[in-house]
Amino acid sequence: MSVPRYWREIPSRYRLIGSKCVNCGKTYFPPRRVCRECGSVNLEEVKLSEQGRIITWATVYDPPRGFEKYVPYIVAIVELDDGTRIMTQITDCEPDEIQIGTRVYAVFRKIREEGESGIIYYGYKFKPLK
Amino acid sequence: MTKEAGIIGYGAYIPIYRIKACEIGKIWGNYNGHVPIMEKAVAGIDEDLVTISVEAAKYAIRRAKIDPKEIGAVYIGTESKPYAVKPSGTIVAEAIGATPLVVTADFEFACKAGTEAFQACIDHVLSGRIKYAMAIGADTAQGRPGDQLEYTAASGGAAFIFTKRSNKTLAYCEGAVSFVTDTPDFWRRAHEHYPMHAERFTGEPAYFYHIINSVKTLMENMGLKPSDFKYAVFHQPNTKFPVKVAKKLGFTMDQIKPGLLSPYIGNCYAGSSLVGFAATLDVANPGDRILLASYGSGAGSDAFSFVVQDIILEKRNPIPSVRDMIGVRKYIDYSTYVKFRGKIRA
Amino acid sequence: MRKVAVIAVGYTKVKEHWGLSIRDLFTEAAIMALNEVTIDRVDALYVGNMSSGYCQHQEHLGALMADYIGLKSPPAVKIEAAGASGGMALREGIQAVASGFHDFVVVGGVEKMSDVLTPDITYAMAMAADQEYEAFIGVTFAALNAMIKRAYQHKFGVSDELIATLPVHCHDMASKNPYAQYPFKITIEQVLSSPFVAEPLRLLECSSPADGAAILILCPLEKAKEFTDTPIEIAGVGAATDAIALYQRDDLTTFKATIEAANMAYKMAHTKPEEVDVAEIHDSFSITGVISLEDLGFFKKGTATKAISEGEITPGGKVAVNTFGGLKARGHPVGATGVYQVAEVVKQLRGEAGKNQVDDAEIGLTQNIGGVGGTVTVYIFRRID
């Protein structure tokens, strides 16, 4: 992955910046310029909620290139309290600790690194609320 | 104009993973239970200095109830920078939303890098140039497999937001001393993974000499004696040293107990005394005076006297206390530990 | 708009073709198809392929393949829509012939995955998902489908055993197809004891990486009888898209694009699910196939696996499904899959399907999915007597 591609998404990946349609109220992650519900182009940047619940999840055993050392890891779709959905890893967690509906909160973690000498990608993950 | 800097928010972060010292001992033939601590905190495979700092910083901001855009300085004291060249502070500042009008730097002074950041933040806010300044001390310390340090080198950190003393600050700093000499008791050369140390030389001429002198000087300067402090927090490379230095200086177990965490989390280096300080603030009451004395190899000690203010009682819930965080833990075995800490050469 | 027919098909066996390059594969399938008919020209070539750029560092496949299969400089282009690349390539071919712009069009699909290692294949396949907000965090294609499976089981209370009936069925079918990647039977117990790829999806619920190529030759239906005794009409054409990011879908247990594409195709062909005799559906994962059987209107939501277990999708059942083994067992050479499906339905409607021949098959359907339903094509074919 290239540095500019990582860099330009930093606000969304570090701070859950999304967008909200001023016309119909629908929220998006990542931010969009055009509302897919009502077609409006009047959307504004919004900080999304840092808590939510698990909609569904899976545990990855066969990783893509770059994620080999993290196996096994959990990926999930989380619905944030503001209604926005997000794809995330669930960290500090074993599969038997969660189920559909489990409450989770956002944390800041290392996503992966470009080998020993390349850059380190950081971003959100979620973790069960205890 | 006030001549004192105060703390408006603080937060600590301890990873959830623990390895028992006897589990490490078992690998190296140490079956007799002679280990320096009970267990230590281990960063998860997706954690590093930056992520630990961000979590601690987020708690600090929640406690401070301030807009992160108003934070004008983010200083991180650490020896676990993920990049040799590229500031950790920029990543943390970006993640907490303090960018772009912010000064950041990474400080290195072994285990006292965090209190170095304190000194800088205190002077920043007193100069009036910066409204809120954040000092973080955190590490994901690594001990060479089989070395004595492997039992204790741990992960964790704490963040403190300084501003001028007011009724919104939860504690203010009434005095500080830095005591430094060139004493090579512990070091890590560039490009090396693990530090070296001079064994017993790290004790008397290093840890004890510097802490005793910084604390004595502070007390002399301020006309204070050990009994004037409700609590004291010393750097905690193991369980024995902080207990012994407290005794030598005339402090009691009751004074150091709330902040003595090394038996349960190990030595998180630049985060060590700061996490202890955070745990002490978790239980302190308005009017309590707290001594904080760090120690950094190389060597030096920073000693501070803080006085707790009224608002502290409103700053506790719902943010988890350091003891709460220590209580949420998962034990890992040695093989998981070497996987998490990148000791497998794949 | 002219009606369009398939007048020739060709394909390679699906497997790891260590000795064949991507161009060799395509050429082998093309020779087979070009041998079925005698035509004096090809007006255009469309090549469905997903990952030649990643796996072979080779793009510009249209011109490359046109050259290597011996065509005389026709316009040629690669069509990419992840797993629906083959299906979308066919759409281009149909449009060209139906519009009157071209008479003879070759539509091919090819994928050569064995040139790279497993983590690279996994990475390449995840390119069908949202790269910045799904693949970035380590989501794999199998994981997305595993999430769908969990959501489906949660909603409908369907057991692992029932879902395993689809891969078992596909292997049964493939056991009689010499071109299949896995021409052998498996049991439900084997499925349930195979390791997890992405929990809750197990290895024997997942199609595996494969190499293969398939070719179709199209011409106007009105001219088709000049070239073959058994032209097959492309009677219904449907395609639709949806958000490629799974997390941006409201309902994880249905593929909206399948429903839309199927509605278009049924309407155009003046037919309905009950009239379909044979169907090749996109079972890249067990759950994907199960959901597709429902979205295509063969079974009500939540009931497909029960129907499978009652024999409803075997030849002689309600609708014969994946009679060549489907993606699971014939194999899933990604960009070629949509073309294989059509070639197989054509074989059924011609009465050339061998041991899995469905008696008097007249109407066939193919459904080809890109990503997790980001692109879906549905075609309906009719035998011309």
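By written order: A, B and C. Residues from 1 in each chain.
Basically, a contact is a pair of C-beta atoms (placed from the backbone, for glycine too) under 8 Å apart; a residue touches a chain by one contact, two chains touch by 3 or more.
Bear in mind the structure is a predicted one, so any value in this text is a computation, not a measurement.
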* **Central chain of the complex, centres being mean CA coordinates** => A
* Asked: Measuring centre to centre with C-alpha atoms, which chain is farthest from chain C?
  -> B
* How many angstrom between the C-alpha centroids of chain C and chain B? -> 59
* **Distance from chain C to chain A - Cα centre to Cα centre, in angstrom** => 31
* Give me the residues of chain A that touch two or more other chains. => 68, 70, 89, 111, 125
* Asked: Hey, what residues on chain C touch two or more of the other chains?
  -> none
* To do: State the interface residues of chain A toward chain B in the complex, per the touch definition above.
  => 10, 14-15, 68-70, 89, 91-92, 107-111, 120, 122, 125, 130
* Structure fact -> Interface with chain A, chain B side, in the complex: residues 15-17, 44-48, 50-51, 54-55, 58, 82-83, 91, 94-95, 97, 328, 330, 339, 346
* Which part of chain C faces chain A closely enough to touch in the complex? -> 118-120, 122-123, 126, 130, 132-140, 142-144, 146-148, 150-151, 154, 195-201, 243, 245-248, 252
* Which residues of chain A touch chain C in the complex? -> 1, 5, 9, 12-13, 29-30, 36, 55-68, 70, 73, 75-77, 85-89, 95, 100, 111-112, 121, 123, 125
